[in-house]
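Heads up, the next two complexes both have chain A, just with different partners, chain B and then chain C.
Moving on to the complex of A and B:
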């Protein structure tokens, strides 16, 4: 990550304060790599984050302008910012699964509905991990966490045939993909497509949290075991096995197919303003 | 100057536009709905944006985003929506974002009565978010015309102090029709005492811990200044820092930038019949102050030595008006007594402080005069179902 971090990241935030063995850095790197491969510069991007591990570990890492919302609200701030920033500025959000699919879901759905030009990377460590490890809305059924000591049995957004990306597809998102942290260049390619789309893009990226998820569900902080747990239960779309929880690849792509949120609003305002000036 | 017979909502819309507001995010709620509607009609005509949030929490966050992009932004609601602002209020206070928030009070708690004026958020506007360690500016107009000037002033103060300014109105002020004059050019704005402050872009440090300086441009993103802002305690550059000493500096600024520059707005009050040391000072704000003013005038004609003090600047609370040892009566649109507690505190033990509240209705001139008489004669206030309480 050396050349990437030199170009794009702030020295003050390297190394990150994440636990050793945390997979968040792999997701973070994939995003920065995608930015690099698209030829974007520091000033082309405003970076927003949530709270939690996903948010706090990535906040203030980007050399350019950045902000962090309170829990679940960054999607609404980002939409207001989208309306008032020039269209060529990209807004990238790195957030947690609890933030996006729990407390912030209403704002996220409305971001999809309005097709706001945002690229949202949901860093899914399978629950609420910075608060010690409680189950969330994508936690696999049966998982032991601090708030599911008997195994998680609530319905969630990834159980019983549900898929959170399906919810967002029907809400109007124009680019959706799913990856796991170990997907490497495949994830980078999806993120690039997401950033390129002038509309709402979301990339769901599952990553290993050995400290709080692994230690409860697997009974060990062993990083390799936690990585295997995720890797063995993921497979590229079309190559799913019986135990596949995360089918990876592009889930939905209608990039540039419908007017973007701010573009639409500005076009209408301009029409009204001109009529009023006559 | 153009004259209209129009609502307070109309006056507020025109005032906001004169102040440079070009971003309004709203969510329908009586009695602030018409303000959102008026903004949706007027803002696009002047190149501004009206946007509807999925709820009030989103609406104020949208305003934050708009302000971060360099716009002067505003939202408006009533009690049930105001409560959903708690989260973005905190963010905006901590990140020092200039915003204007209007709360048109109705009768609570919860949905209560939608079509009557209330004053149940006197304290909530002071403490609109959790955590403490901040000071807030709250202004309360008592007419449609004054709502316009208070809105203009709020945008001015929001920029200079880098903070959300809250306007506490009520249903009669926003919904009532009144004679309104709207200035048509800068000269006329000056004539009406309207001050404006332009949005500038911050190029220096993002935060100014330990200082009470004002007139610092707010954070604006998208100019590649490397600005950072978040909900965490910030360093000067905006990095999140988990350190008590850093938080002391941050909190000091959030409190004292306002407290140490009160002279910018503590002239916002009205005094009637206060020159001859009245034996009873009637304290109020917003709609009830209009009945109070009439009642005090009448009472004077009847020979009662009463005076009226109307607060426009509610927070920080203007203690300076209560230095005189005398009798005070707080007249409010609630039964639990909110303003009266601050009057008691500011007036101290040597003064006598009374409360007269109403809940969903307004006091009448006759009721008020009767109360003045009783207080002046030292008689108890309790009578009939009319809830008057001794404090």
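Moving on to the complex of A and C:
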């Protein structure tokens, strides 16, 4: 991402300290590419991150303003920020699956309910990878992880017909998409739509973690095998196969269909103030 | 027969938990404590324990699950660190206020922000007054021994309070040491069967946990809590005596090292006490009467006993691996100062803050402090009461 990183990222943070073979950089690049294609500049965006590999490896990479949340709280911080930031400024969050769909899910649901103008990229490495590879709430059933040596069997948000994007759709999110790291331009297009939507957008992006997930589930850190594991189990929506775990593409799009969180608050407060003044 | 092993602090704690075989454990991963519950989950999966293990979605939920399971009448344990403990804060008070003898290992780590995963006592110090018993451990052996004793202390019928066992993140949790494990049967016999007290689900004797108590009785509840805490020291000593019989290892409320005839002394918690003892030896070899006191039972704090142990010294330095912002002195310093305050002739006291966020604490640091103390003792004058050591200016 040479030209992109020069324009948008802090040189001393690229490459990141992620393990070799980690797929997070592909997701990161897709986000920066989308920003570039939308013609946005460094000062147009405030970038927030979570804890964990997903958060820490993208933290401080953005040349402009950035902030880190504690585990699961960055959505709440971002909503506070949204209220005070000019509406044309974009807030982008790069977070982990455990952060968004586990410890932070309540904040995420309320961000969706209130339709806060945030674009959240959930970088899903299929569990808690920076703490050594415990299973999480998107870990495929049967996967061997550090905390499920005989295969993960708990109900989660991506099994038995459950889909975390469904939860968020019903909570009020106005743009939802799912991709895998290898989706390239298709993912970039979804992220662009997400950024354009004036409301809560979330792009769920599965990526390969050879170090922890790969080594437990596949018995190897072989990057190619881990990439293949994800790629072969994903397919564009409508073209799903029997083994498809991740149907990719736009899951739900009602962009700009209802008032945005901060706009809604400002408008109503203004109305109350005017009524009080009469 | 005891087994001699080479293990990390976390491994030792997990082994103690295996031997105790609690009814319920709840866990959420956090560095550097993850490894404890990680290994313990292995014991659950491999049928080595009968524990019901629940992996929850946050530490707040972990402590909440522990509260529920303990109120239901189970023997319950968990482990955490830093931000995890911070997130449990609300439930810590629920556990102690409802007198639930939950055992938690705290692998001490710095608090955010800025984010830091290394050894530091800010987490445990932040929770020192939440009504839990706290036992601090210098090394893997002490962490293991404290774990086993903590069940007896917390579950004692006169106490029934939750207890935290603290050990230093990475320095102890991830370093391999030589230590001794007790036999499974010996541990089982030592801790005994878990005795329920007012459990839920005893339909003949219904109970309510978590009532609303306003101005009429709240203060009486708090005083009752304090009264229970005042009995902990004796129970800790009794349990230590029994523990010595099975292990040969002696424990008290605190450890003293060459302190009896000392004129200058260090007070320091956990792993850095080991480093400091070497420095004490260096000074003794030079003919300077140096000594050390290492608190073990930190809450409830044995003010009188520690005051007695330190009162004869000329100068003492309390070293804190945590700061108390706005209070001027570190938390351990303030407790030690309170402990010696009642004595007319008391040592001069200074405070050093060291090792924050895992910053190395080297023998040279301890030696510099001892040299300063020797000077203070000689002149009777203190230049600086509180200072950071090992910090870049």
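Heads up, the rule we're going with is that the second predicted complex is superposed on the first by the 277 of 278 C-alpha atoms of A that agree within 3 Å, B and C clash if a C-alpha of one lies under 4 Å from a C-alpha of the other, contacts with A are read in each partner's own complex, and residues count from 1 in each chain.
As a working rule, a residue touches a chain if its C-beta (ideal position, glycine included) is under 8 Å from a C-beta of that chain, and two chains touch if they have at least 3 such contacts.
Treat the numbers as computed from the prediction; the structure is a model and nothing was measured.
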| item | value |
| --- | --- |
| When chain B and chain C are modelled together on chain A, clash or fit | clash |
| Contacts of A:87 with chain B and chain C, given as first, second, both or neither | neither |
| First, second, both or neither for A:142, with chain B first and chain C second | neither |
| Touching partner for A:76 - first (chain B), second (chain C), both, neither | first |
| Residues of chain A touched, compared between chain B and chain C (which is higher) | B |
| Partner chain in contact with A:68 - chain B first, chain C second, else both or neither | both |
| Partner chain in contact with A:51 - chain B first, chain C second, else both or neither | both |
| Segment of chain C that clashes with chain B, given the candidates 20-28, 110-118, 146-154 or 272-280 | 110-118 |
| Shared chain A contacts, counted only where both chain B and chain C touch the same residue | 51, 56, 68, 70 |
| Chain B residues within the chain A interface of the complex | 23, 25, 44-49, 51, 53-55, 57-58, 61-71, 73, 87-88, 90-91, 221-232, 238-240 |
| Residue ranges of chain A in contact with chain B within the complex | 12-13, 42-43, 46, 49, 51, 56, 59-60, 63-70, 73, 76-86, 89, 106-107, 109-110, 265, 268-270, 272-273, 276 |
| Partner chain A, residues of chain C touching it in the complex | 28-31, 34-35, 38, 41-42, 45, 55, 57-58, 83, 87, 112-113, 115 |
| Touching residues (chain side chain A, partner chain C) in the complex | 51, 56, 68, 70-72, 102-103, 105, 128, 130-132, 134-135, 137, 146-150, 154 |
